[in-house]
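Listed after this line are the structures, all set down as structure tokens.
Look at the two complexes coming up: subunit A is in both, with subunit B in one and subunit C in the other.
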Partner chain A sequence: MSKKPVTQPALHKVIMVGSGGVGKSALTLQFMYDEFVEDYEPTKADSYRKKILLDGEEVQIDILDTAGQEDYAAIRDNYFRSGEGFLCIFSITEDESFQATQDFREQILRVKNDENIPFLLVGNKCDLEERRKVSYQEASDRAKQWGVTYVETSAKTREHVDKVFFDLMREIRARKMEENKTNNGRGKDKNKRKKLKCVIL
Partner chain B sequence: MDFESPDVMKDFPGLYASDVHKAKSNDIEYGEDAEKVTKKDILIGKRKEKKDKKDKERGYAALEGESSAEESYEVSPSKSKKSKSFKFPTKSKEKREKSRDKEKEVTEKKKDKDKRVDKKIEKDKCKVEKKEKKVKSEDWCDIAEVLPIFGVNLKLAIEHGRCHDGIDLPVPVRACIDYVEDYGLTFENVYKISAPKSKVIHIKKLYNQREHVNLVDYDVPTATSLLKMFLRDLPEPVFTSELLIRFEEAGAILNVALREKHLKILVGNLPQHNRLLLSWIITHFYNVTLNEKYNKMNAQNLALCMSSTLQTSHRLLTALLCHCPALFPDTVLERYIYPLTSSSQLPDDPELMEQELQKQESLLTQIHSEMNVGFISKQREELLWEVQRIITQLKRKLKTANKDREQLFEKIDEQQNEEIVENTQITQPSPTASYEPETTPVQISENVEETKSVENVTASETIIVPETNVSDSPNLAVLHKQVIKEAEPEEVEFVESESREFKNALEILQIRNGFLSELRDSFIKQIEEDRAEIAVLKNQLTQRDWTPVYGDANCASLDEIMDLLQKENQILQIKKINLVRQIMEQQEACIDLKTKIDAYSKHNLFA
Partner chain C sequence: MDPTLKLFVSTDFNPDKYVRELSQNCIGGPELVRLRNKVQSLSEETSGKLKRNVYQNYIQFIETAKEISHLESEMYQLSHLLSEQRSLLNSLSNTSVLGDDKPVAVEVVVNSEDNKKQEEEARQNKLTTILEAVEGCSNLLEVSTRSLMHEGDLLELDPMENTPLKRIHGYLFNDGVMLAAWNSNRRGPIRYKFEAFYELGSLAVVNVRDLGNIKYAFKLLAFPDTRLFQSTSNSTKKEWLEKFDQAKKARLTQDQIKRESFAEKSPSRSVSIESPSLNPFEEAEEEVASHPEWLMETPEELDVYVAQRHFEDALTLLHKAQEYFKNYLPHHHQPDHTVLDLKRKVEQRHLAVTEVLMKELEVSPDKSLQGGLRAARRPVGLLNQLGRSTQSCKLFLKLCSSIMRTHCKRVKREGSVIVYIQHLSSAVFTNMCHMTEEFLRAFPNSPSCSSAFIVWASTELSIFTTHFIKQVFITQTTLSTLTECVVLARSQCERLCAYGIDFCYQLDGAFRTPLTRAIRDARDKVTDAIKLRSLEDTWIPTNLKSKSGLARCLQEHAKMDLLLDNYVTGDCWLQLTNNTLSFTKLFLNLLEDCLKLQTSELLYTIDEVLFDILDAQVKYIGQSLRSEKQVEQRQFITKNVDFVLITLISLAQKKYSTVVGFESFGLKRLVKENTALLHGVTPTSRQITKYSSNEYL
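Up next is the complex of A and B:
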């Protein structure tokens, strides 16, 4: 009905997932406002929008920062369903959070029903090298198994913070372009219409 | 709390299912309502034909999901019946086709994705397939059918068309009242002139489908007709089927004071939601009648227009309108302001921010629950993120405002302390006071209340102070009388010493006590007598053989007579209760008067 004007920049929807306390909010806030909060405040759900230049093209990014677990699984699914790309975060200082990424991956695949969904495995708190519990090798092995990229970040030092968001957006953009191509063929649409007509007749 | 476990599904496998279940129970409730309408249209054969057709049109993936869903419905016969009535209601052909199109699109997409799915995750898929199917069967539902606002009972209508400002009325009701209050009060023959039905039905549909409606785009007759339609569509009258007769009874009482009293009691007996809706409608109609000069609608006229809509007599409606100020003294028709959208400016005042936050959170909950029954679309998802974003912004803004607010509160506290000091100074009788005489009483009366609550000693002081000053200012004299009236309902001379005051009150209480115990004794005596009579009557009953009087009469007439007698009994019962209440009230009034008389005579003796 109310089609957006063509000039509207592309919008990419990113969802942060991972156990509580791994730094989802810290990464988001660092990316959005260049700030780092020391004290931990459990998130319910927060959403942010930012205009950025992605390889010279002005785009908008919507970031949804979730709790490690929503009160209801169904609510979480509503969010996951609307996400176009996922940053799956764990803390390299906490093995449990790394194990949990497996579950998050499964949940996302179940809701999106798409194994090629833009997705990055992110090991956060890499500034705390002395407290590392998850080795780089272990994490990148899992990423390889899933067919995704592994990146280590620090929300505190801002290391690789922009990188994870930008890399994910590129994946989303590529994915959308691919989808557009297949949709522009319009072959399927025509088939569909013919089928419908047949039924009516 | 801090470290949230990620695998909800493992820990609480029931959680997810229960949500789906919740959604279904909603459907069922609606199903019952829908059945009324669709029973006629949906013959079993017809239904089957439609179903077959539908299945053919679908891709195999959806068919698979659908069939499993059907199976699960078939488990209980009553359930399956209901689910069908909600699946194939009387929908326009065009709309049905549209939704089919949608479903097709989804299947098409899903097929596409299926191709890309690797064998690796085949296992994972199996694990979750069952749950997936459940969701699928409810995906892409028509919200207007599953959670309609019109035509369901009031509680559901409020739930489905929630106003997010905490006032539990359905959105269309608020919108219509707001609109008519703004533009319709001076509209000639408002509520008498109605809009074309097709137009009203169209708006009703928009509301049911959660489309944005702006009544300003329409006119007064449309708004009034829409409100009427909402009320008419309610399965039960606002007065509830239970209390309706009693309302009618009360409305027919000739004695004005008594009528008001009974209507008040009955209003108090209404369920909360019904009471609120009634209070708003009547208050709104009352406002309409206040503008009779312009709109030509007095209470009589309006009652005639609305009685059939509200399923009442026009006498009751007229009565409610007449007693409106007494029945609903606290009802304020607060305008409903929709939750902000991202294009609007967020408020700066922390209190407004807090309010807005509550609204947005209520809206968010609503969106989630609608999504959980399958009301999912691109726009809805956009809305979900947008509302979430506004909430985040509000929270951030509140946080930064918090520090300022704390400082502000500290300042206010200081100022308040200063004010109290100032006020106590004002009450000191000072002939050189510089304030204007008109404002004096107000200031002092406020002050009396304030200081009263703070400290008793100062309260008595402030009351006494103006007394010594009576001759100085007539305004103060008036105030003085008011203060005494409030403090002491009896017109007994105000006593200066506190102990005297207590003695006085004690005396009055003692007198009252005496009368009340007399009354109690007489009641006890009466109860004993009644009990004795019951025993006697019971005895008679057991001794006699019970033979029906109408043994020969035919059953039909007997039933009729029974019906009539029962109804008569009901009415008599109500009348009896009313009379008993009246007697009680009069007895209490008697005691009050007697107490006063006694107190007076004693004081006259002392004087």
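Up next is the complex of A and C:
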């Protein structure tokens, strides 16, 4: 990754997952362009790239905003495979979207075969408190169970929008550094690393 | 060759002309008579030769027929073995349950027939040009439904750095995308070099938002590849994305059409596809509700049916469930755990039903066979429906065997052998016929079962013949009794021919060796009797004491087709010795038995035995004649010779040829060798050769 330090800064690949209409595109657009899109237009699959300063270091973020729906499991798997970190989004106004996060989590873990993959559970549309269907407690319980962070956002008010992207990128970066260390030692067998972590814990 | 013979053989031989010429050239009667005799002797010689040839061919024919029948039974057994192997392999392959990963063929839906043809032609033309332009894509035509949807030039960029890499020509087909690199030093029609082919079903297409230096780009994600392409303008990129979308949708509808064939069975499926509010990534486990209720209850329902012995209902349900599984296409090609679980459970019930039905058919000592084969109909039929005809056939035949055993045991060994054999063979073959009927009813169109049946029947017949031989072929049994038993068995065996099963060859084959022995034993008994009687013979005419006694004797012999009126002298005398008369009776009885037993294989033995017996008697008479000096007595002896050699042998030949189709060579030779006796001359110079088969062949 650092073999051509002159040309490009580090690239972190983030994937937005979640049921349709929860605000994946809205969050992405807010982060990228600082704008909120009111009208809903189902996405196919869009990717964005942007140079940003992460803790004083210039990095690139590559965001893949996935389609609300994908009919072929194999295609879905290919999206997930290309990601280094995941923002798993649901809408706090829609319980069903919250339930769906369970499946996304499982599928990502299956595809990446890594329990410690950088991952954030994101409860979006927190500006719509009066229509909340998913309690904070409920969501943070699930996050705890998974061993991930839970953040509530609003694409509309921009609340915590930067936070979720930056937090995820930090996780990805930390992950890569750790990986480099193990790489210097041996191959990148993720299971091995997992075992290693267990020992540390 | 005789010149006259040559004349006869020539193709333009005209008998009328020949006779006319003869009568013209001949001088006087004696000359003509001489010629006539010559022709006659020629004719006799020819017919003799003809007969010999026929006999020779006949033996060959018999040998061939035997070979064929052996081959036939071997083929049956082979075919039986093969079908057993096949069912074994089938059951083995059925045990590996999973791996039903059928590739999805994508077809383009075209409405009108004409269009179809034209489009097919265009499709093929298009593919051929691609084939010519791109090096290394020879397997492009392997998928018969493949057609081109879009193509165009692209610039590949480094996915990390966004820097240009190389020029690519992309081909979008209805089932995938092919990437071909530009050939820098291109010659001839080959412009590109094949690089990669990505299946549409697993290819993720991502639109790349314009940002800074990246414009008009899109990404293809096909793990482990991530490839970034730049098209020439915004509109060309849109076109690419749209075409990708179209191709994917077409493919999806195609898949859905397949799924819709059983849509009524899972109505909620299509809803889950259309509703955007539902989680589209939903795993199969959550689609439990999409299976009909009856299916969910099938395992338990099957248990109940079996417990209540409602096997027919169980089978109907079983088939319904299996049909459902067969048509079921898992959503997203992910294994549906509910279905897999149900399938496993139903499969268990399937095995259970099969087992119960097989138990029904099984023979055990504590089970009565009262129901007989009729009771077996239901389980056999059901097992056949379950596709277990091999097993049901096996059990059916086992049942047949044990029914056969019980029936045979019931036949009591009391009274004469003939009565016993009559009852036994009737029992065996009546059962056999009955079982054949049942078999044909239960397994009407199954060659493998048929061969199993033939093998079974053959085994049963062997059991019968072995038992028969033990019971009948014992020294105490006379040839007549034996003959009657064999004839009984044979006629019973012929009943099977009505079903197209001819086991007579096997029956005859089994009896051949013991019968040969029995016939030779009978000959030895008769020749012993001849020797004994010859010691007591006084060579005097038979005195029948009275007129009525003579009449009775004449009548008795007339019944045997022998007219003795020429031998009568006075009121009660017959110019044949008592010895001659009793020999005649003995010989004719033996002949009768032999002719009843006659099979092509036994003919040789029969001929030999008839010759030996007559030879012994004639030799004895010849000896008497030689030692007799008195003219009158010699005349009397000659009369007896004449009776045996002419009258008796003619009668025997008549009977023989009626049954066999031609006269006995043995008897013929006997007559020929002893003609001198007829003139009162003893053929002292005659070489006594042992009668052997060599002389026939």
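We adopt the following convention: the second predicted complex is superposed on the first by the 178 of 201 C-alpha atoms of A that agree within 3 Å, B and C clash if a C-alpha of one lies under 4 Å from a C-alpha of the other, contacts with A are read in each partner's own complex, and residues count from 1 in each chain.
By definition in this document, contacts are C-beta pairs under 8 Å (C-beta built on N, C-alpha and C of every residue); 3 or more make two chains touch, one makes a residue touch a chain.
Predicted model, so just to flag it, every value in this text is computed and none were measured.
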Simultaneous placement of subunit C and subunit B on subunit A, clash or fit: clash
Touched partner set for A:Gly20, first subunit B, second subunit C, both or neither: both
Touched partner set for A:Lys50, first subunit B, second subunit C, both or neither: second
Subunit B versus subunit C as contact partner of A:Glu159, first or second or both or neither: neither
First, second, both or neither for A:Tyr40, with subunit B first and subunit C second: first
Touching partner for A:Gln8 - first (subunit B), second (subunit C), both, neither: second
First (subunit B), second (subunit C), both or neither touched by A:Thr182: first
Subunit B versus subunit C as contact partner of A:Arg110, first or second or both or neither: first
Partner chain in contact with A:Glu138 - subunit B first, subunit C second, else both or neither: neither
Contacts of A:Leu64 with subunit B and subunit C, given as first, second, both or neither: both
Clash with subunit B (superposed arrangement) - responsible stretch of subunit C out of 63-71, 81-89 or 117-125: 117-125
Contacts on subunit A seen with subunit B and repeated with subunit C across the two complexes: 19-21, 42, 45-49, 64, 68-70, 72-79, 81-82, 100, 103-104, 106-107
Complex contacts: residues of subunit A adjacent to subunit C: 4, 7-8, 11, 19-21, 32, 42, 44-50, 64, 68-79, 81-82, 96-97, 99-100, 103-104, 106-107
Subunit A residues within the subunit B interface of the complex: 13, 18-21, 40, 42, 45-49, 62, 64, 67-70, 72-79, 81-82, 100, 103-104, 106-107, 109-110, 113-116, 182, 188, 192, 195-196, 199
Interface residues, subunit C side, partner subunit A - complex: 160-163, 199, 201-209, 211, 214, 219, 221-224, 226, 241, 245, 248, 252, 273, 276-283, 332-334
Subunit B - residues contacting subunit A, complex: 1-10, 12, 15-16, 19-20, 53, 56-57, 100-101, 104-105, 108, 110, 112-114, 116-118, 120-121, 124-125, 127-128, 131-132, 135, 367-368, 371-372, 376, 381, 384-386, 388-389, 391-392, 395
